[in-house]
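Chain IDs A, B, C, D and E follow the sequence of writing; residue 1 opens each chain.
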Amino acid sequence: MNIHPTTAGMLLAGILFVLGLISILVRRDIIFMLLSVEVMLNAAGLAFVVASAHWGRADGQVMFIFILAMAAAEVSVGLALILQLYHQLKTLDSDEAAKMNG
Amino acid sequence: MSFVDFLSLGPLITLCAASVIAMLLVAIWRNHRIVYSFAIIAFLMSMTAVIPAIIYIPHPVPPLLVIDEFSLFNTGLILTAGLIILLLSFNYFEEREERKEEYYLLLILATIGALVLVVSRHFMSLFLGLEILSISLYGLIAYLRARARSDEAGIKYLMLAALSSAFLLFGMALVYAFTGHMDFPGIGAALRQAGYLPVSVMAGFGMMLIGVGFKLGVVPFHMWAPDVYEGAPLPVAAFIATISKGAMLVLLIRFYQDIQGNNYPMLWWMVAIIAVASMFAGNWLALTQQNIKRILAYSSIAHMGYILVAFLSGVQTGLEALAFYLVAYFITSIGAFGVVIVMSSSLQDAETMADYKGLFWRYPWVATVFTAMLLSLAGIPLTAGFIGKFYVVMAGVNGHQWFLLFMLAINSVIGLYYYIRLVATMFAVPAPGQQTTVVPALPIAGNITLGILTVLLIGLGVYPTAMMQLIQQMMRILS
Amino acid sequence: MILLVLLIVLFAAALLSWIAGAKSHAACRWIALCSLLFNLGIVIRIWLAHTAISGRWWYQYKIDWVPHFGISLHLAMDGLSLLMLALTFFLGALAVLISWKELQTRVGFFHFNLLFVLCGITGVFLTMDLFLFYFFWEMMLIPMYFLIGIWGHEHREYAANKFFLFTQAGGLLMLLAILGLYFVHAANTNVYTFNYFELLNTPMEGTTARWLMLGFLVAFLVKLPAVPFHTWLPDAHTEAPTAGSVVLAGLLLKTGAYGILRFVLPLFPAAAAEIAPLAMLLGVAGILYGGMLAFAQTDLKRLIAYTSVSHMGFVLLGAFAFNEIAYQGVVMQMITHGISTGALFIIAGALYERIHTRNLWQMGGLWLRMPLMGSAALIFVMASLGLPGLGNFIAEFLILLGSWPASHLFTILATIGLVIATAYSLRLMQKVFLGPCDRQYAMRDLNGRELVIIISLVIVICWLGFHPQPVLNTTQNTAYVIR
Amino acid sequence: MLPALIPIIPFISAFLLMLGWKRLSRIATAVLGCGSIGLAALVAVIIAIQFAGNAEQAVVQHATNWVLAGTFQAGIDFRLDALSVVFVLVITAVGFLIHIYAAGYMHDDPDYARFFACMNLFVGAMLTLVMADNLLLLYFGWEGVGLCSYLLIGFWYKDPANGYAARKAFIVTRVGDTAMAIGLFMLFQYAGTLNIPDILGKSPQLWTTGAPVVTIIALLLLGGAVGKSAQLPLQTWLPDAMAGPTPVSALIHAATMVTAGVYLVARMHVLFELAPLAETITAVIGAITLVLAGFSALVQTDIKRVLAYSTISQIGYMFLALGCGAWSAAIFHFVTHAFFKALLFMAAGAVIVALHHEQRLAKMGGLRKLLPGVYWVFLIGCASLAAIPFVTAGFYSKDQIIWLSLSATHGHVALWLAALLGALLTGMYTFRMFFLVFYGEAKTAMHHRPGKSMMIPLYILAVLSTIAGFVELPHTMGHVTLFSNWLHPVLPEVTVTNDSNAMEWASQAMSALLAIGGIGLAYAWVLLRPKGMSDFLEMPAIDWLRKYWARGWDFDYVYNILLVHPYIHLSRMNRKDLVDKLYTGLATLMQWCHNVLARTQSGLLRWYIMAVVLGAVAVLSVLIWRIYI
Amino acid sequence: MMGLTFYIAAAIAVIATVMVITRYNIMHALLYLVVSLLAVAVVLYLYGAPFIAALEVIVYAGAIMVLLIFFVMMLNLGKESAIQEQQWLKPRIWIFPSLLCLVLLGELVFLISQNHQPPSAIKVVDPKAVGMALFGPYMAAVELTGILLMAGIVGAYHLGRQKEKTLHRFLEN
């Protein structure tokens, strides 16, 4: 087990990131999609912290805090929007929200 | 933060303060007209604040921000564009939504985001600016809650923006992990020191490109554009088309310059492929499109491709051309959206071709303005768009990018087809009894704004020298 | 300064007639007519003043425009420009006259466009700055687009779009070439300029010159039009209103020919000489192919349009023969083709106005009712097939005489084109004016206004046929350059 | 005096007639039309008389500059020398007579003025042609007469057949003109000028005899001549040209325009002398043409077509003479031919008018009693055409050619035999026609008798057809050489290799006998044994041959199959312009791309995300590809 | 030192995330996500970021996830949405995107593991250093975060409000 710790951490972040990506691709339920985005953002945050640990600097962690704030804001607006959409379409199926095309 | 910092960041700080005041104002006294007036004043003050900032340039505010000619020029550009969009908004929202006041608040916030992008030279400020812009835009796009399509547009934008943010973040993390820096000059220095471009950094740049590409709306990250333009309120669409993209481009230039991207042919290749693909996709998609908003969306995709050609030319002229093109593109796009705004009745947006049939014979003024804007988009002389395209081609020739230029030429011809189709529709002689029922609002403020834009458009088209000199000066500093 | 006046007069008249058009149609027509006659007067005065061979460039006017790029507002006039301008204002005035009664809708805007396109053409013929040239080159398209697209016949939009796209595509290549030349010049001399005279002797490599020359050439070939870029022309000519067809055939095509003479040959003499066989081949192909297509048409205006392809083939052939006789023939051909084809379009327009069809099968025997129009048509049909005594003969003869030393084969083929010209020209005459008259069309012969137009054209074409010397003298100075 | 007046007077009158249009009365029109030609004739005569005093010197008049481009110059210069004087006199004189005739012939036509305008225009152009000092001006006249020919053949424009004939005439001659134009280009390339005297003066220095260049130039000029003069292989237009009014046929398609080719070859004789091959070809073309046309004339059923083929045949004689180097003989035959052929055409016209525009021989007959005046002049014309010995002009001119085709340096037995065969045929077809028209039973009722204005020119021409021959008698019969002496300054004398009197007598006797024999055969055919002949003619092989000849040896058919139909079909097929398909295809391709891409714009969020992911994969793949592979 | 703990935590995080993306019932998925986030918090701690680990637990797992759970409960998305989700998640649907993502993952892993930097020990960054950075050089960023949150709040406030029953006469489309 002599994998470079930074590499290991980045790989974990990468795996989580891609899992989130898979999820957002295969899900049709919009809440699931929002959830998946959170997974991806979290993975990115993890990557920052790992990098920060590599260099022994605080700015990666500071970045994580901002990501956290952004995720919170994103989720709140997202949920409000989903609520609107739910009222409008009576479903959370993202494929239903495809009135505009061409 | 020193006094000089304050002065230099004046425009940004003014606008931030304005956003807080506006929020309080809305909380205390909900009145459309008041908030509207306040927002205008805020923009004007912010623009005024640009003037003292000029004294101290270039003035870096480490580690996040930098104020120099380039950022101030673009700050001015964005504020002006924002102001014009603001001017066009009043009548549009007056009839459409019972709660109009938050719009101005969100617009100010989004502009703040764009300004942060323009002045930032650090991943953190980049990220924050981008997110301020994005999150304000979620609210703005879906602002007209009564419209089914606005939710759809909002959710699409939100999902894709969040996704691309995730990519951007992951990319930044990769770059950070292998360079140890998050500020652009630092990254550049670290790369120079390493003497080569580590693969993982390259991967990081690649993933960041997705985030940037999404905001610019270039292929293959462009798909949101038509739907969002169609679903969003028209002034917001204008905002996305111009300010959001412009700010991102400015940031891209700065980043590229700071890391000396020209040294990495790999990056060049990726952007070149994206540029060519964007030109083709945008123009092909618009070819027989019937919805004006979507046409403008596709057209903006193609125009991003053209801009990237200037970006890729690898010569000083290219950056100048980009800046000039951006100015021309701002004027033209806002003008085009302005016409659609002015043409829209309080009942519905004037978004189908049918609404414009024979427009010239009914409302010659509006049709003339729209024609001028479309011709500018097409790059026909007497318009700013022509000089812009000329400048871009010039940069390309200077940089010997013959292949890209050839693609640009082909695409200009394809693009002509749909612009001219629109023009033809406006000038078509309507058969008797075939008049459309849409009664455009044609507000006075909107007309005046359009008039100013047209004058600017033709002024830049006929006498571009002053603007060119300004840009040249500004760009000399950057490199 | 006088050159700037020519442009300003047209531009001002364009705006003025638009404004006046809202109030009074007559006023707007008179403004247009007077401005054009005024300009024609100026040009003729200059012509008369310079009958003696007095230097090549008669007038120059230059002020900076975008010094940043070395762009200036640089106008200059030599014999070639002068002749082209005279033709422009003459045909322009006729175009106003033709539409005097025929055109009753949106009169103000029509004249705005007409004058604007003429202004663009004037600019093209006068500028000595390549950027400015491109500027005017593009500028004349939009009003032309409107002329076709608004006042045209049934398929006007298709035709207008096609016209626009073709010429724009060519124009963009020219833009690339102009910029390429600009930078090549700068790389060699460190002077950034679009000035024609400074660019004239740009040293460059063979390959570079070849590509740049091609860029220019393609734009001009599209405009000329040469096979295989000609397909926009029949549609545009057919669908345009009469005045539009006259301006298109008479003037717009000439800008392509002018471009070849003014830019392609002097700027890239070596590269042009290299490509000459190919260019001549295209010219001959145009002559024969255009003639063959003209022969098969059933639409009168379309037929005339294809004859343009055929006639402009001679221009291409002569321009690349690199000899003075051919050069002078080319200039003559530009003028006489403008006159003769313009006249045929005017006749076609007058016919359309009377019988509301352009279909040859629905005509025939019209001589009986309209001997005057028939005689006029006969004259111009004969001009188009190159009958001696009419201007076209001088032009075509000189071109062929000049291109014979350059290429025997192409000259022979082009001469065969004269037989083909005879075939389609006589077919036109037969189908329209001769033969039995099946239908009872109630129609009058040419009225006074039309007679004035036609007779002035007849006088000019005969004058050119019997006394072409003033024209030939005028271009002599320009022609020396080619040798 | 001004030689330029000669062509200008007819031009002016044509212009006035065009301007006057329908406002002029018929009489005014006729006076203007005929008078101008008369005036021109008068001027021509006066100039000719002056000229006769000093025939060595050509009169050249520089009217004005015309074209001066680079090294090329051509002025509007008129030149009168012995050759052109002959042509000018014949054109104006015969033209004047035909105009007078036409004033009567066309009397009822509504387009009287147009007719005379075109006729005058023609005379002007023809005079320009023969008086031109440079080849460009000659070309001007050349094309000008072509135009008038077109206008006059199609004079009755309502009938599409006339229009067809007119176009055919124009286009076929234009083929020849093309060759001639190329010849001019070559001449200019080598000689540096198109001035006729200069070219003729320079060419012996420029080229040695038989040089390829001069041969090609001569052949190209010959091409033009062949087209205009309806010689093989471009003869097909002339029979159809009979669609025009008869005076037109008389003037243009018999007396003057069709001999322009003869004039051209004679005018450029120096080139031909330098190119023996071209001369031989000229002679052979003439010989073949005269025989083929003779056979065709033999079986025609239309009186004007008989005359048309006879014209082709007689011009064949002229070409034969030119080819043999017997220049003056050719010109002499031109003169006599102009007289008797004009006479024959106008007489035929009188017959046609009398029979109410009936042209078919089968419908004629028995007119000897009804139209005695016409009968006599027609007889004189026929006799002259058939070359009845001693009394007719035709005999002297044709006999000279036949003899010289054997004895001149370029002569050959084969040519002589062809000429003799032609003599036989001439006698036969001429008198077949004559007998058919004037003997036998009347088959069509008389319509109206020709008036004085029509008959007087006939009488004058009849006299000329008889006496004109006496200006040049062979040395077996008095040896008068007035005509060839006159032409001597311009055209060299023929060199005779074999000048034995016995041979010449024999030749003359042969030709006379053959001509008379031909008449005899015609008599037998038409009057003596009509039954037997028609039985003979109905034999399948003979019938086929007869029809084949009547169709003019199927030249039209071959040209149609080889050239005309393919061209028409090809152009019809390509009416929509194949090249345009290319661009339409391009547009379709663009549309297709739009459709494909528009389908990606499905509105489905997940698909958009998929695109982003695809983009990401692509970006990283490109990266790995560029770095590692 | 950290090896085993890291691998266990990482394994839990991955497995829990896989469970998240395969669950039909949204509630289950959310709960697995909480598990995954807690595991990530452990990883964060191991990478010398105790403060961030705490924030992860408090804000992410605590606040954001709870917000989501409340939201789901509010909309009362029960069994039927789970059944629907089950119907939607057919192999036909997910196989290609998953493969695509796995390609992406492969590329990422490949690119990341091309790291040639010298191995270095993990350096602990204590909360104090984070605080110093946050309120030192990155002060402006913190302020901008305030703006960001404000945008979020205003947006959520505007969008989340129930629509008034009486619509404007023009807006009934």
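Simple rule for what comes next: a contact is a pair of C-beta atoms (placed from the backbone, for glycine too) under 8 Å apart; a residue touches a chain by one contact, two chains touch by 3 or more.
Source: prediction; values computed, not measured.
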Point to revise | Given subunit A and subunit D, the chains that contact each of them | key: B, E
**Study point:** Minimum number of chain-to-chain contact steps, subunit D to subunit E
**Key:** 1
Point to revise | Middle chain, criterion being Cα centroid separation | key: C
Exercise for review: Taking CA centroids for every chain, report which one is farthest away from subunit D.
Suggested key: E
**Study point:** Distance from the mean Cα position of subunit E to that of subunit B, given in whole angstrom
**Key:** 30
Practice item. State, to the nearest whole Å, the distance from the C-alpha centre of subunit B to the C-alpha centre of subunit C. Key: 43
Check your understanding: CA centre of subunit A versus CA centre of subunit C: separation in Å?
Key -> 65
Practice item. Could you grab the centroid distance between subunit B and subunit D? Build each centroid from C-alpha atoms only and quote it in angstrom. Key: 78
**Study point:** For subunit A, residues that touch 2 or more chains besides their own
**Key:** 6, 10, 14, 17, 20-21, 24-25, 27-28, 33-34, 50, 52, 54-55, 57, 59, 62, 66, 70, 73-74, 77, 81-82, 84, 94, 97-102
Check your understanding: Which residues belonging to subunit E are in contact with no fewer than two other chains?
Key -> 97, 100-101, 104, 107-108, 111-112, 115, 117, 138, 141, 145, 148, 151-152, 155-159, 163
Exercise for review: Return the residues of subunit C touching two or more other chains; collapse runs of consecutive numbers into ranges.
Suggested key: none
Practice item. All pairs of touching chains, please: list them by chain label. Key: A-B, A-D, A-E, B-C, B-D, B-E, C-D, D-E
Study note, to complete from the structure: Counting only contacts in the complex, subunit D reaches subunit C at residues 18, 21, 64-72, 76, 136, 139-140, 142-144, 147, 150, 154, 157-160, 163, 166-167, 170-171, 174-175, 177-178, 181-182, 184-186, 188-189, 567-568, 570-572, 574-575, 577, 579-580, 582-583
Review point. Inside the complex, what are the residues of subunit A that reach subunit D?
Key: 21, 24-25, 27-28, 33, 94-95, 97-102
**Study point:** subunit A-facing residues of subunit D, complex
**Key:** 598, 601-606, 609-610, 613
Check your understanding: What residues on subunit C touch subunit B, complex-wise?
Key -> 65-69, 105-106, 131, 134-136, 138-139, 141-142, 145-146, 149-150, 157, 160-161, 164-165, 168-169, 172-173, 175-176, 179-180, 182-183
**Study point:** subunit D to subunit B touching residues, read off their complex
**Key:** 590-591, 593-594, 597-598, 600-601, 603, 605, 607-609, 611-612, 614-616, 618-620, 622-623, 626-627
